[in-house]
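Contents: one structure, followed by commentary.
Read from first to last, the chains carry the letters A, B, C, D and E; within each, the first residue is number 1.
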Amino acid sequence: MEEIRIGVYICWCGTNIAKMVDVEDVARELSEMPDVVIAKDYKYMCSDPGQDLIIKDIKKHNLNRIVVSACSPRIHELTFRRTLENAGLNPYMFQMANIREQVSWVHDDRIKATKKAKALVAAAINRIKWHESLDKRTVSINPSTLVIGGGIAGITAALELADTGSQVFLVEKERKLGGNMAKIDLTFPYLNSAQQIINEKIDRIEHHPNIRIFRNTVIDEIFGYIGNFNSTIGQNGTEAELKFGNIIVATGLKSFDPSGIKNYGYGKLPDVITSLEFEQMLLNGKILTKEGKEPANVAIIHCVGSRNSDEHEYCSRTCCMSALKYANQLRSAIPEVNIYQAYADMRAFGKGCEELYCSTSRKDVMFLMFDQQKDLPVIMEAKADDSCKMVIEMNEKLSGERIEIPADLVILMVGLEAQDDAKELARSVGISMCGNSFFMEKHPKLDPVATTTSGVYVVGNCQAPKEIPDAISQAKAATARIMATIKQGEVEVEVITAEVNEDICCGCKTCIQVCPYTAITFDENNSVSVVNEAICKGCGTCGSACPTGAIRSRHFTDNQILSQIKGLMSKSLELNEL
Amino acid sequence: MIQRVNPNLKKDLLKLGVKDWNECFHCGNCTAICQLTEEDSLNPRKVFRQAQLGLKTSLQANISPWMCYYCGECSDTCPRDANPGELMMSLRRYLTSIYDWTGLSRLFYTNKFMEFAAILGLATIVILLFAIWGPPLDPTLTSEGGVKINSFAPIKWIELGDWSMAVVVAALLISNILNMFYKVIIKPGVKIPLSVYATELWKLPAHFATQAKFRKCDTKGKYYWGAHWMMMTGYTIMFILIVVFLPEFQVEEIYDWWHWQRLLGYYSTFGLLFGLIYVIIGRIKQNNQIFKFSHLSDWLFVIMLFMTTVSGIMLHLFRINGMPYATYYTYIAHIAILIPMICIEVPFSKWSHLAYRPFAIYFASLKKAASEKQYKTGLAAEIA
Amino acid sequence: MTYEPTIIAFLCNWCSYTGADLAGTSRMKYASNINIIRVMCSGRIEPMFVLSAFREGADGVLICGCHPGDCHYHEGNYKCLRRFHLLQKYLTQMGLNEERMRLEWISASEGKQFAELADDFTEKIRSLGPCKLKETAETLT
Amino acid sequence: MTSIVFTENGNGNGSLSSLNYDNLLTYAKGIAGIGPVWDKTELPIYDSGAMTHILKESKIKKIIIAGDEPGMLKPFLSKAMSLVGEDPGKVILVNFKEHGFFTNESFELAKTLLLFAIKDIPFEKVLVPEEHNVNKDTLVIGAGIAGIQASLEIADGQQKVFLVEKSGTIGGHMAMFDKTFPTLDCAACILTPKMVEIGQHDNIELLTYSELKSVTGSPGNYKVIIHKKARRVNLATCIACGICSEKCPGKASSDFDAGTTQRKSIYIPFPQAVPNKYMIDENSCIYVENGKCGVCVKVCPVPDCINLDEKDEDVEINVGNIIVATGFKTFDAKRIDQFGYGKYPNVITSLELERLVNAAGPTGGFIKFRTQNKKKNWIFSPESDEPKSIAIVHCVGSRDENYNKYCSKVCCMYSLKLAHLIKEKLPEAEVSEYYIDMRAFGKGYEEFYERIKNENIHIIRGRTAQVDQNGSGLIIRTEDIEKGLLIEQKVDMVVLSVGIEPAEGASSLAKMLNLHQDINGWFSGKNYISDPTSTISGGISIAGVCESPKDIPDTVAQASAAASSVLQSIMKVKTT
Amino acid sequence: MANKEKNKIKLAIYWGAACGGCCVSVLDVHEKLFDIVAAADLVFWPIALDFKYKDVEDMPDKDIDVTLFNGAVRNSENEHMAHLLRKKSKLLVAYGSCAHMGGIPGLANFSNRQEIFERVYETTESTVNPEKITPQTKSKVAEGELSLPEFYNDVRTLNQVVEVDYYIPGCPPQSERLLEVFAAIVSGAELPPKGSVIGALDKSQCDECPREKTENKLLKKFKRPFEIEDDGKTCLLEQGVICLGPATRGGCGVRCIEGNAPCRGCYGPPTSIPDPGAKMMSAIATIIDENEPDAIKKVIETIEDPAGTIYRFSVPQSIIRRKIMPQEKKKEEAVLQS
């Protein structure tokens, strides 16, 4: 093994450190530690001359490990790693001791601060003896992408990617492309045609040279990792072996089935229909009751299957606005119709939505509020002599009165819920699910489309209910990442990863479930665990959980940390005795 | 009790109003900003709700519209521009037409032609009466160059006319108030002990005279209150003068200017003029929320009162300056405007509020006192 | 001279170490007895580190991670929490005062909380007196 | 036979639309082979019977509805078509607004759109992509979370990004927040790593304290002049030691703390600012004002680091794509008289409360009364007392015809979050929320709402109408809608959940970049439904709240989506 | 004869604080014992042959080729012999768990001399000792002075007293392993680096364990072996039983597990682990299936005596080595007060 030659640099940071820490004393004392070749102090280590000093010393003294004691590594670790690279050393042969944020700025006793600085630097020196060269690692990226789901999100993603010249495989469970958007007439809030938008896109996708469509196809199992996935896809009896670098999951959601809600009598009362069925009426241009008459009274009931602990606790996000849209469409198609909207909270939050709410309310629409959790309206058949077919009874919250509404047609604004096969899909693609069987994103705030599995993205409704523009934004967001990786042809993966020593691993499989990224798999042939370093993010949890000590967390190995502790304590105690 | 919603009531109400209020999304701002809001008596939003849903029974039993003096604060701050103040105004018209058993009120509110016809018809009758039974305008009426008003319009006839008009109007008003009492108290089944009727009775004249509630309106309200109060007192004093004290009022002799009759008369005139000009400028400029929307009945009322006032002033000026012919013609014109104004506006239109409002306050306090009493006896029974 | 305990603090990189940095940039003063060792995640902290710290002479060990649910690696902090409790039971069995080891959640914005924690913990350890573990283990008789 | 119905006449419907419909109608009538062409007013739009008669008579097989809101007419015509037995799907909508052609400048394009509708050509082809040689560098305007995200996406694709930020640090509003809803993870914990990444990224050139001066050129090749304001501290040499700030005698209200406290005239916006360098506020610097002082220069340990006489400068850059992510400003609560903000010290805005509950804020994370300091400035100091009851008022300046008609989308959720945080800091305090509609729409939001309901917080439906001072406390008047009762509540502090408005200067930027703004001032994309981030100005995308109010995840998704357009154009080596 | 003698190696076997099982394990080679005797001269083996310490003392230094030292160092006699044998031996092998890691006698480190004496000589139910007489190192009797070895406060492993060349782990070591080691030494093959563990495997127990292991290792309750209904196939850890197998060196032939009992760790940890129990502690805590502190504590309560379970054979060898006893002074005060 090569001789360890350590260079130690103590930064003054102007007076920031020097005022509270006797930096010269620190340098002098630590120069006496074993393996330390030189120890220097300097005004600003991060400045160009400071960095040059390190480079020169590395060459002159043949140093192979560098300790810089300055500010927080969160600020300058990258700076100095680059310095080392410039000097021809591996950037990981570097350790920083934070004596500014965690010493000089937070203490006011110079003697104690100096003592602590010495201990921290000693710890770093002790630690760096165990450092090893780590190399940047990349995996190559197959430029093809698999898009699962042919709704608006999937179609958008496929087109965006295909337009850059990359191959896209689009897999759709059903025969028809377009998903839920193809089943609706107009979009809110501007009442534009959904059909025109989606049909144009479907037309493009069907004729796109870079897109291969698999209809009536379900993904069975996917193998591999980012950049290098593969799967066998069966279609019409033939099987195709596909290789792709990234996966976009855009399987969407399905409408809630309201048959289970007794109050509404869906399935029993012929003129109680779901919003999706009403969309079909609008597409056909025929808003008629089962008897074939035009309704004189139409009631729209919100929050069916949503915001209720018996069905789904979550809000389906789109129904309120769809209901307002229906009011406008009804008013246009049947000018004299009485329109009633039973709602819980009017969630008109998007662009132009509150304005639509306001303009709709001017169109003789009667809004009625009910308690969607405990007190649902009851739909019943009207008496024979009544002017209407059905009567809806409810406790109206805004007036505090018990009222009844005449209705000839009742539209249930059904919520959205996970597809039946969501769980199987999650398993085959390797992503997690949240409480409501929605797919889980990597970070709910700052990474809403990536997943914990690198190279797999969730977009559109399958991540959570959302409006069309948001689904499209998400679809495009995922393609941004994929384009960046395709463009580079390879993707850098975490350097600080875990590795399994196969000579020691006994195959107890403790580590496999511990990994939050499912980066560890079991090699049945050798009966050892294997870390897929393309997936590993280097948290080190597995290393701590491994009972045999077979897993090392690179750059945070047991030895590195133990010697850091040892160095710190020995210096600290030694100084205490003085 | 389950009430069925009735979208048609709204359409009906719209005929009496000037603006749709369906934008309201029930935030309750109006109720909260209104300084007069009181449980059971004034809750603008609840009235809104009854109107929107078309809950006729509840609406007719509701006295909230009368409790509102229309300071306009609710409409100013309404986040949806739904104009609660204007709805209250429209509802006052609605309730007036509901209380009025003759149906004339409704007819006049909804049919401009009929309203004009009624006014013009009455005016014509007045002029005809003078033309037929009035003395010939010959020099006997101007002997010594003076104005002989009592000879022109003999006081006994005029007094007879005055009193009969007062009786008719009062009869109509009282019957309408009884109707109101039925709709507000009897029909909803409010139980009120007889003693309460007596103990709360003082509120009736007190509120009529002071309009103290109006003062509670916002800062701007105090200003309106001043104008409104002056107009109201001016009108009332004048009304009493010409009906009760006609013999002291319509005299040949011209009193000294400090005589009580003249002083009261001047005050009334000033009060009316001040209030009217304030309102007319407001309605023309639409400078404030309450003046933004004017129903025909609003304009008619103001214009007729203004014309009455102006003709009265002219009459007075002509008389003290000894201009007999001018005085006599103006007198006819004055009466020809005054009679239709009182006969149409007081029982059937906007002016009915001078009676409904104090009664509404009285009924509200009855309800409140009754429920308090009930609560107390209930409590006592419980304790016992 | 008053007794100055030596304390080792293991801080996760994403929340707690950043929080400690914030205490620094905000110039909050706290006891100099706290010596920080950075790990990527509190899930990396294992009993051996804590035991070694005591064995090498530390008087107290502080462990900080992201608040529950905030872990940069999803659930490392829960793993840390589980180990902490077992380790605490073990240390108690070995005659160590359980308060010598503490686990707290410090977020990246909680510089002040970190400074207060550092002071509070130092005082606690000071009141407990020197830890005799190193002495005992090295002088078996 | 194809027929056309125009829903507008004259010059559009007035709201921003100014297309001359009369001319368009004349043009349409002249198209060869076209059936009847009507203006909406000429049709019996309340009488399906009459309409079917017309359709039958003219043998119409297809109807094109053209205008600003053609969808409103569609159900009527679809019904009429189905009544005569024609395909109701043959009712085609041509929404000029949707495509951005609503001014007379795009009259020709509007004509084309009509023709395409007649001939069934996809609308996408109206704007035939011109082939440009794309400059591969990108300009991102605004370094809030949207700008940061977009920059990182592009820079990670190995493309150069110029990130321009108006203030002295990146981070935007998100950096000011304490926690984010609904997961309650701390904003700084998740944001600062991204900020550091921006600061250290090889492909990102950060231009803080700078604004756009002019943009010329064409899609793919824009020449942008950036006005760099004088920071007066050298970015390269400043070591952020803070000595200058310690000694500086000048003071001003801290923008970063939403005015809740004071900072020095030479300052760093907040400890984790990027770049982590000091700067001088010229409005309060004594030297800038009267030429005398210079204490900072004297105490600065780095030679020539502070240059008090530094002048503003202009920098020219050339870029191919531009992403606009200028975000928002909060509604000025002073505009609503009856809430007494600015009049009563303890009526505060939600942004101020965000700073108070933030551990790095002026009170160290404690909720305190606003008090006057020695110099009579109203600030929040850690020494003040704590309120015992707090009311949170929703929809301040939003959903209000008198101010902003739109819903600001985020206030309900952040108010719930703030209520939770208040309860966390002051468990004994009485917390009330007054709302109109609770808009808990996103992933996990409704669940969060349910959770807050169980935290002993009064959540009352009703819009507060008035706040008055009453002795040392405040009285707020609200109607409890669900009970139908007027509530006059005495509280110690009122928090106004202010809505959000387009950032200062959005209009001038719109002019500079030829972007459309909607009636509320938000930027409009090319097509709200199918392409909300691209604009009709080629190579220019919009992202985040500047497009319309939205929460953080949607902002981040949009930012990435905008980056996707940029990367796509670079990969295709052309832009549209 | 002399030549023959020369080819034979000199073997010594000594027991310190031990149960004798290790010595018996030597006999457990059965008929192979003859091969040993054929290849080696047993120069010292107190349990089997009558040698006096004097004989050893008289040997020249480094005269013994191999000494198998079993048992921990508990008293002054053990320590003396450890030093003596070190001096006289070329190779000193710590034989068995006690010499290696302290073994079962090492559990005495949860206590100290005072407590042990109190218990053994005063408070045990069968003891009558009103004068509270405890063993003294020196006592005068009529015949003169008698001496007993000093009973130490702590139990130490062999290597905490003298330098050790090799370790053969096990309680007791498997006889087959002993034969293999012995054969290697005799054949003069190249020996592994000093300090190595010999007669055992590098991998831990699980590698040899026939039970089926899955990744499903999440526990809401720990169980003692009698609490489970073992199907003989499922990994014991997955059934909630603390089996030290994953952190214990293989080589014993997974005998305990074959006997449906969990591994208790007598073979000690693999080379990669400095402390025998810390890793195992970490592992079993990690697989607790709870996230709330109280729930976690509840699960941990189901572990009977964690320190004694995890460090059953290795307390003196662990990082902490022994329990820190409450200050002696306090105890004295308490006695005085009572």
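We take it that a contact is a pair of C-beta atoms (placed from the backbone, for glycine too) under 8 Å apart; a residue touches a chain by one contact, two chains touch by 3 or more.
All of these numbers come straight from a predicted model, not from anything done at the bench.
Trainee: Give the fewest steps needed to get from chain C to chain E, where each step moves from one chain to a chain it touches.
Mentor: Minimum number of steps from chain C to chain E: 1.
Trainee: If you walk from chain to touching chain, how few steps can bring you from chain D to chain E?
Mentor: 2
Trainee: Which chain's centre, taken as the mean of its Cα atoms, is farthest from the centre of chain E?
Mentor: The most remote chain is B.
Trainee: Name the chain whose C-alpha centroid is farthest from the C-alpha centroid of chain A.
Mentor: The most remote chain is B.
Trainee: If you tally contacting C-beta pairs, which pair wins, A-C or B-D?
Mentor: Of the two interfaces, A-C and B-D, more C-beta pairs touch across A-C.
Trainee: Using Cα averages as centroids, what's the distance between chain A and chain E in whole Å?
Mentor: Chain centroid spacing, chain A to chain E, equals 52 Å.
Trainee: With centres defined as the mean C-alpha position, give me the chain A-chain B separation in Å.
Mentor: The mean C-alpha positions of chain A and chain B differ by 67 Å.
Trainee: Taking the mean of the C-alpha atoms as each chain's centre, how many Å separate chain A from chain D?
Mentor: Each chain reduced to its C-alpha mean, chain A and chain D end up 23 Å apart.
Trainee: Which chain B residues touch at least two other chains?
Mentor: 25-26, 46, 80
Trainee: By residue number and range, which residues of chain E touch two or more other chains?
Mentor: 274, 279, 282, 284, 286
Trainee: Please list all residues of chain D that touch 2 or more other chains.
Mentor: Answer for chain D, listing residues that touch two or more other chains: 183, 185, 399, 437, 481, 484.
Trainee: So which chains actually touch one another? I want all the pairs, not just one.
Mentor: A-B, A-C, A-D, A-E, B-D, C-D, C-E
Trainee: Hey, which residues of chain E end up touching chain A in the complex?
Mentor: Listed in rising order, the residues of chain E that touch chain A are 202-207, 213-218, 235, 237, 245-247, 250, 269-274, 279-280, 282-284, 286-287.
Trainee: Can you list the chain B residues touching chain D in their complex?
Mentor: My answer: residues 25-33, 37-39, 43, 45-46, 77-81.
Trainee: Please name which positions on chain E make contact with chain C in the complex.
Mentor: 110, 152-154, 156, 160, 274-275, 278-279, 281-282, 284-286, 288, 290-291, 293, 296-297, 300, 303, 305-308, 310, 316, 318-326
Trainee: Which residues of chain A touch chain D in their complex?
Mentor: 13-16, 44, 46-47, 74-75, 78, 156, 160, 163-165, 185-187, 190-197, 200-201, 203-204, 282-287, 307, 313-315, 317, 328-330, 332-335, 345-355, 358, 397-398, 400, 434-435, 438, 443-449, 463-464, 468-470, 472-481, 483-484, 486-488
Trainee: Within the complex, which stretch of chain B touches chain A?
Mentor: Checking each residue of chain B against chain A gives 1-5, 7, 10, 20, 22-26, 46, 49-50, 52-53, 55, 58, 80.
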